[in-house]
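Structures follow.
Common to both upcoming complexes is chain A, partnered first by chain B, then by chain C.
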Partner chain A sequence: MNVSLILIILLVGAFATYIAGDKLASKVALFFGIAALGCSVVLLNHFNLGENISFLSQWINQPHVSFSLNADGLSMAMVLLTAALTPIIIFTSFGTEHKNAKAFYALILFMSFAMVGTFLAADGLLYYIFWELSLIPIYFIALIWGNGDAEERKKAVVKFFIYTLAGSLFMLVAFIYLYQKAGSFLIEDLYKLNLSATEQLWIFLAFFLAYAIKIPIIPFHTWQANVYQKAPAVGTMLLSGIMLKMGLYSVIRWQLPIAPLAAKEYMNIFIALGIAGVIYGSIVALRQKDLKKLLAYSSLAHVGLIAAGTYTLTIDGLRGAVLQMIAHGFVVVGLFFVSEIIYRRYATGTIAEMGGIRTQSPKFASMFMILVLASVALPTTFNFVGEFTVLYSLSQINVWFAILGGTTIILGAYYMLKMYQQVMLGETNTKAFADVSLNEGLALVLIIALLFFFGLYPKPITDLITPSLENIIKVINRA
Partner chain B sequence: MDTSLTLLLLLAPFIGFLFNVFFGKSIGKSASGILGTLTVATSFATSVYFFMQISQTHQAIQIQLFDWIQISNFKVDFGFLLDQLSILWLLFVTGIGSLIHLYSISYMHDDENMHKFFAYLNLFIFFMITLVIGSNLLVLFIGWEGVGLCSYLLIGFWHKNQDFNDAAKKAFIMNRIGDLGLLIGIFIIGSMFSTLDYATLKTAITGTTNLNITWISIAAFALFIGACGKSAQIPLYTWLPDAMAGPTPVSALIHAATMVTAGIFMITRLNYLFDLAPDVQNIIAIVGAVTSLVAATIALVQTDIKKVLAYSTVSQLGLMFLALGLGAYEVAVFHVITHAFFKACLFLGSGSVIHALHGEQDMRKMGGLKKVMGITFFTFLISSLAISGIPPFSGFFSKDEILMVAFEHNKVLWIIASLASLMTAFYMFRLLYLTFFNEFRGTAEQKSHLHESPSLITFPLIVLAILATIGGLISLPTNSWLNEYLAPLFAKASHEAHHFGTTEYALMAVAVLGGLIGIGIAYAKYIKQNIVPEEDSQITGFAKVLYNKYYVDEIYDAIFVQSINSLSKFFNQYVETTLSSLVFGLGKVTNELGFQGKKIQNGSIGRYLFAFVLGICAIITYLFLAQ
Partner chain C sequence: MNTLIAIIGLGVLCLLFEIFELRKAIVPVTILGLLAVLGLDASEFNAPEAYYNNMIIVTKFSSAFSGLFIILTIFLVALGHKFYENQPSKISDFIAIKVFLLAGAVAMVSFGNLAMFFLGIEVLSIALYILAASSRLSLKSNEAGLKYFLMGSFASGIILFGICLIYGAMGTFDVTEISEMSRSAELPVWFPIGIALVTIGMFFKIAAVPFHFWAPDVYEGAPALTTALMSTLAKVVAIATLYKLITVMNAEISEGFQHVIVIISMASMTVGNIMALRQVNVKRMLAFSGISHAGFMIMTLLSTTNAAGTLLYYTSAYALAGIAAFSVILYVCKNTENEDVTNFHGLGKTNPLLAAILTAALLSMAGIPIFAGFFAKMVLFTQTIQAGFIALVIVAVINSIISVGYYFKLILAMYTKEPNETRTGTPVVIYAVAVVAIVLNIALGMFPSLVLDLLAS
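Entry: the complex of A and B
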């Protein structure tokens, strides 16, 4: 048994969903989503028992490209995140009618397939293929099923597509260069390369461009807010919950170990860039009029901190970053679902048209509040564990990094509580607001339960990821 | 046994919270209130048990539940420490907590969301217990942020009113400024000593000689910023008066007796760290003294009964910080306890008054309530005497010790603290006279409804008044039980019992005289001359500055809130659009290049030939030159 099984389930699921037709599509997709999750849990169990669940097969002879899937703790954590969020995301869309549902749900599974592939690939070209493959489904999801004016939406989505594709091309160039040097795309061969400092710098920057756009790190974030706003809820969740983690994961997996000299030399610049994102994103979020846009900028702030953590090159920074990636994945999906729940009732994303919802829907108000608190990293939520670890790692580099990055706990509270006040509190809204339905409640409760469980007991995840992160640190420090 | 009892102590209020959240509405208001009260009473009973145990064994109880957070050079457990300090805190948190829960059953009975109120109150007690009994700084931080959350939820309890919501939000955000300080302090300690556990930390700090004092001072300063936020000291105090938007039991429990003392708890807990940072101690003492004076001056002219008490709380907390800064931790703790008694009593008393007047909080519309509200008046009088430092009430002993310590160290600090105490006596009796004496100044409608509050409200008042009277007994000047009880906590021997000579008696006389002068002035103004404070529009001169709290809120708003909002506007309007058009611009350039490039490939053979010849010429020239 090996990890290729997850990929197979997701790919078969995508086809099966399409064949099942519009009526059954959502249920079939959910079934395969859960099956993939079950499969990953079983594989995790095998992995924890020390069995080899990796997969290697020769694929193309000239150039040497292998279909190599390597599962270490880091990859398994990211796969589990994807596999857990996919069924949740599918489930959240049960309350919305989609035209051409079979294509819609098939694309979700296909995207999940591509993202899992990205997290597992241990061959540079294979990784690149999965990386780009994931762009196709989200492009269509956002374009066809999105909100608002079709012309504006097209503009935003095409911009996003070309922008990320262009950035990734530099990564492809870097891989080709590396292949010339190593004669292989295999990650372990690339790790062994002894590149000069100049070579590393160019490789590092080429990777950076691809990742900085995907994550996004300022000033490469301009596609984000518009696409988040215009994509359907499911698309936004896929983008913010999982896809942006592909960028952060890749920094740890590819960029830092392949170009460690450059990473060390320019560490402070990249940490500073991440922290600048924290402050900039938070301040821009303060005055957003659209709920999804506000959440997009809040996401920009959070991933800025995660990115800063990865560039510290310390075990605390990497571990905190991975923990925070997972925590952020759950909380951001929850928050975008909240905005979708409001959209279903009020058909608007404009904050000024909301308000006075709490009195009408106490359950919804409580769950929304908990998600807000998780987002501002209240202790006992998972987000606190990650944020604390990342900030600690920053303080070890320079205490000012921790202070400036730490402004997120002040500014985050400011824009999130302000938003909650404007959306939920005040005199009872004249428009009726039905409390959460059973399905909606179930999805939110699930997310909240996970956030609290791992907030109090993050050990299983910490134990899973630590050995592989230590390996990566070792590779980084090889020279 | 100890573990399960500790869990009972901790989880009883949490179960109360869960029960009230899920079933509170269906079991009815009284049941929900009684349940909430019983869970806290359970915690109180357990605390008493632990207190008796430690009084005999003198052994701290350490409990470790599981690993929580893993850092490269240390790990943080989920664990508890029950020692003299935490058990003392538990006693008054759960004890006063139980009384205030009881009070709230009656006070909140007309509120449609009473079960929610009790749920939040229970949750608060749960987090406060976590804060107090955590065995390391990070478990303390859970409680620290948790009580902040409950404070937020309870200040904004009446969430239809956006002003109240603003106050709640302000409290949370200002506290978080402090929390960042606390976190930075935690980072430095973790990095220096590879532990956050109190017991290990104490050994590490007291057992080592060549410590890096600079970093210890920075850590101590950062922790102090955290304390400033939670315990409302300059410059982070402005949230506390606004927090009075919450229901009055909340003001009594959270914003007077318990949560705001968390900063003092934390500094006392880490006394061995602060002892090593004399510069920071000086800052603490000065900030405390100045805060006590500034807040007292503002309280002089306020007309809202709860605002007076709020500034009074800030002022009293300032005195406690003064004691902390002077290294007299046990004196600060003593004042924390007596203050918890009389200030809770004062707040609950004001609640009783507000209740009788159907929500009126303006003292200009009160008066004469002595006749109808005998019990409320009498308990209020006792607590006012206590806070004014009149013997033999509890506040006399604790405040006197602070003044004495101040006199020993620095005469200026002593003068500041004495002035603040004199003002305290004045504004408290101003409040008392305006509220309870002379004729009633409200509407005839209100007058016809005036009544003493029901016994659920008066009973806690009586208990607290008794405690406010006799509380001083725990630390008598010559024979202090408290100092002896707390001795194991302190690295340095607690400052030697006062040798009571003429200086000490003279100081005591001066302090009492100051209190009497304050009361006398209040009597002359508000009883003899029967003055009623003028309307807002008629207040002029320096009184206006005081009445508007030195315009600090306005200044903060202009400096911080406005500028961050302008920055946000600037980022949104200019930076975002510029960055976006840069990316689009890059696309346009590519487009344009392609468009121009297309013209070259237009299929005209003549042009191709021309370019071809030009190319050959260029190559030949190049080769020629290269040779």
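Entry: the complex of A and C
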């Protein structure tokens, strides 16, 4: 039994969903999503027992490319995040009617397939293929099933596609260059390379372009808010919940260990860029009038902090970053689902048109409140664990980084609570607002339960990721 | 050699069928015949041999490319069944011309003598001139044919002049002898000039910048099926022949020549892509896209020792995607006056299968994984970096990004616009050709070693 099984389940699921037809598509997709989750939990068990669940097979002879999937703690954590969020995301869309549902759900599973592949791939070219492959489904999901004016949506989505493709093509050139040096795309061979400082700098920058656009780190973030707003809720959740974690994961897995000298030399610049994202995102979020855009900028602020954590090159920074990646994945999916629930009832994303919802729907109001508090890292939630580990690691580098990075919590609390006040409180809204349905409530409760569980007991995840992060730190410090 | 004879025999058979009033059988018989020829070609793959005083030399290179040409011709002949249904009396001519064109193409990649090379290129070109002008009552088609003929014969003249200079320098037409003599320290000055002239003539046939001006007009004016042929088969034949010419005749490729190749390659990609961004006519857009792909293919000339497999892979990926795209264009623009993007509006709703195929074909041309176009570019970039031309690769990468702009214009038109007309009828042949071509493309993408290792020495 090895990790390729998850990929097979998701790919077969995508085809099965398409064949099942419009009526059954959502249920078939949910079934395969849960099957993939079950499979990854079983695999995790095998992994924890010390079994080898990696997969390696020759693929292309010339150039030398292998189909190599490697599962260590870090990969498994990310795979579990994807496998857990995919069924939740599919489940949240049960309340919305989608035209051509079979294609819609098939694309979600296909995207999940590509993202799991990205997290598992241990061969540079294979990784690159999965990385690019994940772009195509999200492009069509946002383009065809998105909201708002078609022309504007087209512009936003095409900009997103060309931006990300442009970034990743330079990463491809970097990989080809590395291949010339190492004679193989396999990650362990690339780790062994001893490149000169100049070579490392160029490779580091080529990788950075790809990841900074995907994460996004300012100044490469301009595609983000528009695409988040225009994409359907499911697309936004996939993008913010999982896809941007691909960028952060890749920084830890590929960029830092392959070009450690450049990473050490210019560490402060990249941490500063991340922190600049925190402050910029928070301030812009303050001024947003659209709920989804506000959440998009708040997401920009949070991932800026995570990116800063990864570039500290300390075990605490990496561990905090990974914890926060997982926590942010859940909370952001929850928040975008909340905005979708409001959109279903009011058909608007403008904050000014909401207000006074709390009295009509107490259950919804309390769940929304918990998510808001989790997103501003309230102690006992998972986000607290991640965010404070990252801030601690920043303070070890330079206390000012920690102070400036800490503004995410202060500013975050300000704009999130202000938003909550405008959306939920005030005089009772004249338009009726039905409280959450069973399906909606179930999804939200699930997310909240996970956030609290791991907030109080993060040990299983830290135990899972720490050994592999220590290995990566060892590789970074090899020279 | 047997392949070549069999192809010519098949062409004659086509003409005979006309005499005996068996027009309906022409297309199926030709396809079956071509499949048999493909088998014959495969049997020659491992048996390199020279015929008629080295006039024709069958090598792995020539058999592999002949195989690709035959497959492309099968697709094009199959599409002809529907395309010429309004002109039943002329179908034998059209099909026979295509088969003879194939004979020229095969002669071009298996020549051992420059006379044979020129013969091949003329057989191919004259067939193309006729096909470009084959829509007799259309002004545009006549214009395209005449333009192509004038420019093409000029290029042929330059090639012939180059051959004469090479003969003057070396005293022989035989490429193996020329190759041996080119190793000697003192080369007559006519030799490099001759090579340069032949190369210029071939660049014209490939439509590389700055010899590309005929391409957009001819592609737009010619009947759609002829455009399909020119942008897939004819282009692939020309680049394969150029590659063979350069590698077979010169022992060493001079640095100056490499600089020229780098500049022409960069110029072709950039000009082709930037011009393509502004086109509204799909045939014209694909003409410019073809110019930019020519720029990519020329990159193989920089690493002549081991790029044959890469070239075969790149041309297969490009041509298969082209065939798939053109079969969709043939379907969509069957009854329309022009091939503007507006005709493709809403194809995603009215005909999801063909829209998906066209999307896949365009994604392959743009170089998105898992389609063959991605590996084609990847392997090409790997080889070019190995040869030490990293700047060229960076220009190529930037061009790949630009190309996404216009490929996606078409994809957006299919999926975001409302359909403006309903199309009826489901021509089985077009579906079959499009599906088979795109499946082959994806299969090449999943198992690139099948083709890449074919020509490894």
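The working rule: the second predicted complex is superposed on the first by the 479 of 479 C-alpha atoms of A that agree within 3 Å, B and C clash if a C-alpha of one lies under 4 Å from a C-alpha of the other, contacts with A are read in each partner's own complex, and residues count from 1 in each chain.
In this section, a residue touches a chain if its C-beta (ideal position, glycine included) is under 8 Å from a C-beta of that chain, and two chains touch if they have at least 3 such contacts.
Note that the structure is a prediction, hence the values are computed from the model and not measured.
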item: Which of chain B and chain C A:24 touches, first, second, both or neither; value: neither
item: First, second, both or neither for A:162, with chain B first and chain C second; value: both
item: Touching partner for A:12 - first (chain B), second (chain C), both, neither; value: neither
item: Residues of chain A touched, compared between chain B and chain C (which is higher); value: B
item: Contacts of A:413 with chain B and chain C, given as first, second, both or neither; value: first
item: Touching partner for A:403 - first (chain B), second (chain C), both, neither; value: first
item: Which of chain B and chain C A:132 touches, first, second, both or neither; value: second
item: First, second, both or neither for A:62, with chain B first and chain C second; value: second
item: Partner chain in contact with A:272 - chain B first, chain C second, else both or neither; value: neither
item: Touched partner set for A:173, first chain B, second chain C, both or neither; value: second
item: Overlap of the chain B and chain C footprints on chain A, listed as residue numbers; value: 162
item: Sites on chain B touched by chain A in the complex; value: 21, 66-72, 78, 138, 141-142, 145-146, 149, 152, 156, 159-160, 162, 165-166, 169, 172-173, 176-177, 179-180, 183-184, 187-188, 190-191, 218, 564-565, 567-569, 571-572, 576, 579-580, 582-584, 587
item: Touching residues (chain side chain C, partner chain A) in the complex; value: 309, 348, 363, 368-370, 374-375, 378-379, 381-382, 385-386, 390, 393-394, 397, 400-401, 404-405, 408, 412, 415-416, 448-449, 452-453, 456
item: Chain B partner contacts - residues on chain A that touch it in the complex; value: 159, 162-163, 219, 221-223, 280, 283-284, 286-288, 314-316, 319, 356, 358-359, 366, 373, 378-380, 385, 388-389, 391-392, 395-396, 399, 402-403, 406-407, 409-410, 413-414, 417-418, 421, 425-428, 456-459, 462, 466
item: Contacting residues of chain A [partner chain C, same complex]; value: 59-63, 125, 128-129, 132-133, 135-136, 140, 143-144, 150, 154, 158, 161-162, 165-166, 169-170, 172-173, 176-177, 179-180
